[in-house]
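Next up, some structures in structure tokens.
The same chain A turns up in both complexes below, where it pairs with chain B and then with chain C.
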Partner chain A sequence: MTQQWKLFADLAELAGEREVTVDTAPGETVGDALDALLAANPDLETRVRDDDGTLRPEINVLRNGADVASEDGLGTELEADDELALFPPVSGG
Partner chain B sequence: MQVLGVLDCGGGGETVERVVDRLVDAFAERGRVGVVRYDATIADGTSVVRDPGLTPGGDVTYDLGADGDWVACGTGFSIEDAVDALARDDCAYAVVVGHRTGQYPTVTVGADVPEGTDVVATVETPADLDLESLVDRVDEHEPHVTLETLVERVKRADDADRAGAIATFTGRVRARDSDDDTPTEYLEFEKYDGVADEKLAALREALEARDGVYAVELHHRTGVVRDGEDIVFVVVLAGHRAEAFRTVEDGINRLKAEVPIFKKEVTIDDEFWVHDRP
Partner chain C sequence: MTDLRLSATQLERYSRHVIMDEVGPEGQARLLAGSVLVVGAGGLGSPVVQYLAAAGVGRLGIVDDDVVDRSNLQRQVIHADGDVGRPKVESAREFVDRLNPDVTVEPHELRLSADTIATLPDYDLVVDASDNFATRYLLNDYCALEGIPLVHGAIYRFEGQLTTFENDGDGPCYRCLFPEAPEPGTVPDCATTGVLGVLPGTVGCIQATEAVKLVLETGEPLTGRLLVYDAMDMRFDTVEVRQNPDCPLCGEEPTIESIHDVAYEGRCTLSAD
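Moving on, here comes the complex of A and B:
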């Protein structure tokens, strides 16, 4: 399966691109797709996870427009062609 | 309202007029169309349509006819003022002819294009215009929205006859927080396309579901917004002032907390993402 990550604000600048495609296997989770993204873009690692490898609380992860916190967090199982998004705190207005 | 520029880039005045003609006809199939012509030879508030023997008799003159037809001339009016006036006049499209600012997506007639122009199409003749696809692309651009446009829109709501209050919030670019603050040149907003619009729609629906609230409009610009310009509008039509004020405040607070829009600030000597600063 392939998943598309969309990156925003300083995360896109750190990665050097706004969209990153990663390959995952059936049954894998959002957390697995995040591992794949960070493996391919190591500059993002410390911005997104702390020293224990825990997702920093200010970082948002969305799957198909919905915050994964409203599902099973990083344990949310992926479906084919999900659109995943990673971004810092929103700052409109 | 969507805005399109048309620029003579070597094609000649008559060809430009025929191109504008075709564009206006195409836009008119989808909505009311306004045209702004920039002509540096207009001077002293006099218009070519008036009898040159007459003086306007004021700094601004409206000649009114039957059925609301009108002709006007005057002084002290900018392209931005004219485009704002068309938006207020409920135009769905504005065509700005002959102004070389590069701030609107532009059709160039001829290929001698000034640097910095945001070109959507370059044509040599009117027949070169692929109108359907061009109008579709113009529709995808950031719309020109003013506070007044939104106020007029809520006044047309179904229950407007029960609404005694309109409250509005305008967020604008603040150049500085204190005297010794480095001035902000501009902000640049990035939006999560699709998802930001879904969140705005959901927020609007939640606010409109409140008792005594009859219509809500929310608009946030994206791209570069310069010092002193407006960024975001919240407009609420409500039965009474208490619901109107409360809903406007909650609306802007929730928009800032929930909608995936990101702000980069560019000052005269630095640039940074706003969420990275305390």
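Moving on, here comes the complex of A and C:
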């Protein structure tokens, strides 16, 4: 199946597009979809995860508009037609 | 005790408020007796100051340590060409003085820090119209600890983020969403990336709307919701904001108990010492 990632703010600029489609298999997780997204975007990888591969604390991962932290985090199993999003804080005023 | 009597001039000036059941003379009197601190007199602060002054919010504190630069004028609509080089708080005060004599502006020409924030008088609520993470985290922590409602708005190029923290003891707070600031240098600023001039107008107007509703105690504030505005696609997305049990400020085992615990620079985390 395919999953759509929506990217916000500087993350969209790093990826060069605001929406990215990745292929996933049944039973895979949000973390698997994130791996697929970042594998194709090395600049995004360093912005989203630290040197240890841990998701940076200020990056929010959303599934259908809710933070996956309120589910099983990156281990949350994907369902067909899930909308995934990555968004960082912005500070401009 | 709020004085409910409006003068004849005030009844005329605020007639479009007074005529509505949701505001009425009582609501207008509440606005005139209200006080709001606007932190930042730039892109977001300009429309916030404009509309709160027009609405007759009686006491308007404005914090900014900057002077007007010609490059600000593409979006910072309370400042004019002749104000270039002048303190923004002075330019803002003159704008309000011309607009509405009912409003007293309290200009605070300073950089907010854990020390200077304590020198400010009390306000009913705070609007975060600042342009940097250090100020944003300081305001979040201060308002959450003191129980002061905080209206958050932030922009980036064509996007805005908005939410309201009522800070009535139930959370959430900004750190529930973003526990610490990004590493310095990772998120470029307006000077580097540019910003669509009208973007802070839209976002600031929504912040002003939230502030007016909070003073009136009417409607549903943006509590527990982050509104993400995309000017390019003209979309508003809503992201649920829940209290994070691991939040360092309002979680189950908070590590931040005072703004003096935090170094408001870099990632805005606990001081090393």
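Note that in this section the second predicted complex is superposed on the first by the 89 of 93 C-alpha atoms of A that agree within 3 Å, B and C clash if a C-alpha of one lies under 4 Å from a C-alpha of the other, contacts with A are read in each partner's own complex, and residues count from 1 in each chain.
Going forward, a residue touches a chain if its C-beta (ideal position, glycine included) is under 8 Å from a C-beta of that chain, and two chains touch if they have at least 3 such contacts.
A quick note: this is a predicted structure, and the numbers were derived from the prediction, not measured.
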Chain B versus chain C as contact partner of A:R47, first or second or both or neither: second
Residues of chain A touched, compared between chain B and chain C (which is higher): C
First (chain B), second (chain C), both or neither touched by A:R56: second
Partner chain in contact with A:V90 - chain B first, chain C second, else both or neither: both
Touched partner set for A:G65, first chain B, second chain C, both or neither: both
Contacts of A:F8 with chain B and chain C, given as first, second, both or neither: both
Doubly contacted residues of chain A, that is, touched by chain B and again by chain C: 8-10, 58, 60, 62, 65, 85, 87-93
Interfacial residue positions of chain C with respect to chain A in the complex: 40, 42-45, 128-133, 136, 153-157, 159-161, 177-182, 186-190, 193, 195, 200, 228, 233, 237-240, 242, 244
Footprint of chain B on chain A - complex, ascending: 6, 8-10, 58, 60, 62, 65, 85, 87-93
Residue ranges of chain B in contact with chain A within the complex: 171, 189-190, 192, 194-195, 198, 220, 231-232, 252, 255-264, 273-276
Parts of chain A lying in touch with chain C, wherever the complex brings them together: 8-10, 13, 18, 47, 56-58, 60, 62, 65-67, 69-70, 85, 87-93
